[in-house]
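In the part that follows, the structures are each spelled out as structure tokens.
Both complexes shown next keep chain A, but they swap its partner, so chain B is in the first and chain C is in the second.
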Partner chain A sequence: MAIRESLRRFRRKPAFTGCMLFIIVLILNIVVQGWSTCMSGGVTAENIFAFFKPSALTSIFMSNLPFILITIGQALLLIVGQMDISIGVQIALVNVVCIMVPQTTGCPVWCGWLVGFAAAFAISAVCGFCCSVLRLPALLVGYALTFLIQGINVLIMNVPQGTVPMAYWKPYQSSVYKLFNNPPAFLKFLDYIPVAALVLIVVLLIWHFFSRRPFGKHIYAVGTNPRNAFAVGINPVSTQMKAFLIKGFFVGVAGICLTLMSASGNPLQCEEYGIKSLSAAIIGGMGWGGWGSISCGVFGGGFLVLIQNTVYYFFTLLSKLVAGFTVSSYWHNFVSDLIIFGGLLMTIVTAKEQRKTLQQGLKAQFKRGEKNVR
Partner chain B sequence: MGEVICLLEMRGIDKRFGAVVALKNASLTVKEGEIAALAGSNGSGKSTMVKVLAGLVAPNGGEIFIDGKKVEIKSGTDSVKEGFATAFQDLSLIPTMSVKDNILLGCELKTKGGFVDEKESRKVVQELLDRFHIDCDPDDYVQTLMPSTQSMLEVAKAVFRKPKFLLLDEVTASLHYDEIETLFGIMRELKAEGVSMVYVTHRMNEIFQICDTITIMRSSETITSGQVSDFTLDDIVYYMTGAKPKHHEGTGEVSAEDYTDRELVVDIQNLSIAPKVKDISMKAYRGEIVGIGGLEGQGQSEVIRAILGAVKKDGGSISYLGKPTKYKAPADGVKAGIGFVSGERNNEAMFPIRTISENIFAGNSAKGKLFKFLTSKEVKKFSQDAVDTYNIKIGKLKDPASSLSGGNQQKLVVARWIAMKPNLLLLDDPTKGVDIHSRQEIHDIIRDCAANGMTVIISASDTEELMDISERIYVFYEGEVAAMLAGENKTPEHLVSAMMGIKSSEKEVE
Partner chain C sequence: MSDKSINRDFFSRLNLFIQTHTALMAVFIAIILLIATFIVSPSSLNKVFFGNIILLTIILSIPAAGQTMVLIGGGMDFGVGAVMSATAILTTYTMRGQNGHFLQVFFIAIAIGAVVGLINGICSVKIGLPAMIVTMAIANIVTRMQYILTDGVLSGSASPALAATVSYRIFGVIPAIVMYAAIIWPITFFILNKSRYGKQLYMVGNNPTAAGLTGVKVDKIRIISYVFSGVLAAFAGILGAAYMATARCQIFDGYAYDSLIAVIIGGTTFAGGTGSYAGSIAGSLVMILLSNLLTSFNLPSPMRNILNAVILILLLMLYNRSKSVRQ
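And now, the complex of A and B:
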């Protein structure tokens, strides 16, 4: 009974559709990847569950963590009724700062990271100031900032360059098990936990800390109706600014992960992440202002990542099933983007369904209410 | 009795929104543990008074005293600090948040570590819901609750803040009888605890049931105040309208025979539109100005939009020129010769950044073929004619429409439609927020048109305006026609008492 009740409750949560989509594409990914691997390597238990191979898990987590993190940041902004499409180039900014500060000044790597964090906070504060204090349209601000930040990035680093010491990127690109020198055998299960996943968990725990405070309630009030929030004594501007700064933290972590993933710097990368993170958050179940949660960001980001992964294995599988079948990687993108587009359309359908049930419920209640009078 | 302390006193409050005066030297006093009624017809300034105390409207002049000390209320935070809690007519709940989070919003219960104490919150909110007999789960989203439950929650939210002053702005408008009883019970408890309350309502019987004192407002001014026991129902209506009510005997239907020689333009039979419109029947003849009166939100705007085809009807029939209408969109209604002017000019009628001439021509361009060739000369001539005829004060025709004053903007919208010479003109509160002079001019335009054979259906929140312009008035109350006033019956007193639904509730008061 208790399980059914909590299931019923979960179905009304905004993250429900995002979670369902995520689970569907996860199963699809496991099947397609397993099938594809079996076709080339023979049917073994290991190949059927190729998705769960420690190296595969580590690789998918470490290369997509930056994107998932900024989708979470975007989700937070959507809750307070804002957004930031320059969020993609912001992690590129953190990336170039992290590389160039140690390279030019000779200070230790962690020093560069600190400056990178500072840059992420600063640029988020600028964006927040424009959006919530000056009340400029968020779309416009994000667009303008994209060019501005790219300009700054190129000023700091003119061409892709730089390295990160192996002692830093190696742990990030491995599983928790491999962190140990001579690990005992019973810790073998840790091989299935990538370090990047650990980072994600830590970041979510930090968010958890904020969300359990009154701030976690105020963001919804401000995002839905700033006037009503103001009427009960909440300051909408300061709440939105705080949200922007927390987003700055997510951007900082994402930028450092990006640096560790590529182990080099590139001033003009990740621009498309701005729009992509927005669509991922919407697929995850976010609405414009006051509807949705951080888990929507996690599921939406995960959905996008898995779709791309699945489509890649799907085409590999096709080339093995159909002799002589080869397509360029543009087709991969086209198909995965088509599916994402379908996912976005889906959210409209589900929203409509929700509205319909809501309306029916209201009507039923009205009739009952009238009966009570007599 | 000894000395009676005035806990709250508002003196000489002024508030202007542009040229529109919302409050003029208004005053209000409330003593400790007193329920003060604030009465007045639509637009008399009651809600603005409440908003001043809630910190949502900054007055242009006047003073507020609490316990004899002068205070400044500049924001919602100030208002909360001074001990006010407000239940708003248009609700201040956040629909996408849960019941629990809404009630505790801004005063969350915290653990020692500064986290929200969910367990304690749920317990406290459940107690509050039980006290108010609200049947819902603390974790339900507010948007899934029915309107009357939301209204109760709005009050519960205000009461939870343990205020010194509770401001209730027409909270009973959507409540059912049993819920009102619960509410009154709680109000009596609070009163015993010494909480002062300001109670704004349109329902006269409620004033006699629950309130100690009454303050009556008319056209932005405080007219009188005193103990409720010193007033009769007739007195209250007198102060609200400025005329003594006579007997209600003649408030019935005027026989349709007077109109048999005229052409029937609109014939509405048993129209229903969920949830507001329940059963409306009305007729409008050629060359007639028909008024629709009533308190705000009794279904007036829904009916008007249903005639145009902007709102789907659930039941009943609407005939236009003898044929039942089947409009899918307002464009169909416009093609059939119906014009529509809304008081919400920013939302529904104006294109503020486009030029004045484009704004005037907008309706006309919707009528022709989509790719019909259109010269700028044609547009210019058409709009210049309209500007001249209707005396709209503009700079240049090329200026953006937002450069006009509110009154002239509204004249522009009215002119747009009249220039198209519709058969039937629908006006939904067309002079909302328009200064008195422009209002007069708009009325003159409308009268002219009616004299030339146009049928006009006008809904207005202002009773004087309705009296002034309409030949017959249908008064709506809770989605039904409460009265049809014409000829001798068309008096302000009849209108106001029909609007308040007094006819039915009189007996309860006695």
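And now, the complex of A and C:
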């Protein structure tokens, strides 16, 4: 009885759509990846569950954590009724700073990370200032800031270069089990927990701390209707600025993860992440202003990541099933984009309530004042 | 009356003027940018410069026409750039530098534009997904199709005859593309200002509920605005291909944002229901002059990007701020 009740409550949660899509794709991924591996390596238990191989788990978490983190940041901004499509180049900025500060000044690596965090906070504050203090349309501000940040990136680092000491990236790119020098055998299960997953959990716990504070309620009030929020004594501008700064924290962590993942710097990467994170958040069940939760961001980001993974294994499988079947990687992108579009269509089947908030919020988002003051 | 209050009065009146005469403001900004260009590089005051400005403005003003209609109806179309790139590639791919394929290309391109516009319209209006996200998702799919068709390599070029109808300079100054503008601009003006459809579109954008109550088919009007946008973008893609001669994938993707910002600078709002095509043309001129000015500064490209961003934000600040919650 209690299970049924909690299930019903879960269905009304904003994250329901995203969670369902995520689970579907997860199962699909496990099946396709297992099948594909079995075709090449023979049917063994290990190959059937190839998805759960520690190395595979570690690599998928490690390479996609930056994207999932910025989707969470984007979700937070969507709750508060804003957005930031320059978020992709922002993590490139952190990446560039993290590499260049130790390289040029000779200070330790962690020092560069601190400066990277500062850069993430600063650029988020600029974006927040334009969007909530100056009240400019968030979409166009994000577009303009993309130019600005890319310019800054290239000024700091003109060509892709730099390295990170192995002592830093090695732990990030491994599982918890491998962190120990001489691990006892009963800790073997830790091999299934990548360090990157641990980072994600820590970040979510930090968010959990914020969401329990009054701020966690204020973001919903401001996102739904800034005017009403103001009337009950919440300062919309400061709430939105705080949301932008917390997004800056997510961007900082994501940028450092990106640095550890690639172990080098590239000033012009990740631009497409800005829009991709936005659609990921929408697929995860976010609405525009006052609707959705951080878990929507996690599920949406995970959905996009798993789709790409699945499509890759799907085409490998096809090439083994059908003799002489080869296609370019353009087909991979095409099919994954089609599925993402399908995911978008799916969101409306499950969430009618969400749709309403979405549209109202979108209007409020872009409204340039009252109709009669023109 | 003290000095201070006179000052405040002047500024509030200036502010009101800016808010109410956005199309005129765009023309002012264009003139300022033009003067700035001449100050920065006096040598650019020649026939070639004016010809190029006119040509590029006209190419941008065509997708901007569709974007204006969609924004007036209360939507947003990010598919413009992808459709332009797709039809540009179709043009070069089909023509392969030979004359005599124009009608074939024209009808296929228009059909592509109409279909993409229709899908955009149905997904964002009937199904009710956020216009920005869904048009972007569809634009992505269109972009991927370009890569699949061409395998990511340059192929073919526009026919010489078509290129001549765009780039040939009448009297050595005016590019021949004004012929196309002479057809499309009046049609757009007619649709928006004189036709029944235009009136209904403004009404739908202003207040969809009221429009629905007076018997306007709200969804239909909005979907048609997306179809117009797709068709106009498709046509602009052909002209763009004729101008560039060859086309790579995603060549005109930037036009999605450029047209949007041109339309916004021209005084059309995100909220829908207001705006004019004259403003959008002026906004297109501003965008072209701005990028031209930035090139003529001869800055390294990162500095140019930064300056571009700062100017864009300043332009937005001028008259695109939403109202404070305290008012």
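By definition in this document, the second predicted complex is superposed on the first by the 349 of 374 C-alpha atoms of A that agree within 3 Å, B and C clash if a C-alpha of one lies under 4 Å from a C-alpha of the other, contacts with A are read in each partner's own complex, and residues count from 1 in each chain.
FYI, a contact is a pair of C-beta atoms (placed from the backbone, for glycine too) under 8 Å apart; a residue touches a chain by one contact, two chains touch by 3 or more.
Because the structure is a prediction, the values reported are computed rather than measured.
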**Report entry** Contacts of A:230 with chain B and chain C, given as first, second, both or neither
**Finding:** both
Query raised in the report: So, A:328: does it touch chain B (first), chain C (second), both, or neither?
Result: second
Query - Partner chain in contact with A:282 - chain B first, chain C second, else both or neither - result: second
Report task. Kindly classify A:213 by the partners it touches after superposition: chain B alone (first), chain C alone (second), both, or neither? Result -> first
Query raised in the report: Does the superposition put A:345 against chain B (first), chain C (second), both, or neither?
Result: second
Report task. Scan A:8 for contacts with chain B and chain C and give back first, second, both or neither. Result -> neither
Query raised in the report: Which partner, chain B or chain C, is in contact with more residues of chain A?
Result: C
Query raised in the report: Considering each complex separately, which residues of chain A are in contact with chain B in the first and with chain C in the second?
Result: 227, 229-230, 358, 362-363, 365-366, 369, 373
Query - chain A-facing residues of chain B, complex - result: 54-56, 75-77, 80, 86, 88, 92-97, 101, 104-108, 110, 114-116, 139, 141, 143-144, 146, 148, 176-178, 274-275
**Report entry** Parts of chain A lying in touch with chain C, wherever the complex brings them together
**Finding:** 130, 134-137, 139-141, 143-148, 150-155, 226-227, 229-230, 236, 275, 278-279, 282, 288, 328, 330-331, 333-334, 337-338, 340-341, 344-345, 347-348, 355, 358-359, 362-363, 365-371, 373-374
Report task. Name, in rising order, each residue of chain C that touches chain A in their complex. Result -> 19-20, 74, 123, 127-134, 136-138, 140-141, 144-145, 147-148, 151-152, 206, 257, 260-261, 264, 269-271, 273-274, 301-306, 308-310, 312-313, 316-317, 320-326
**Report entry** Contacting residues of chain A [partner chain B, same complex]
**Finding:** 9, 12, 212-214, 216-218, 220-221, 224-225, 227-235, 287, 290-291, 358, 361-363, 365-366, 369, 372-373
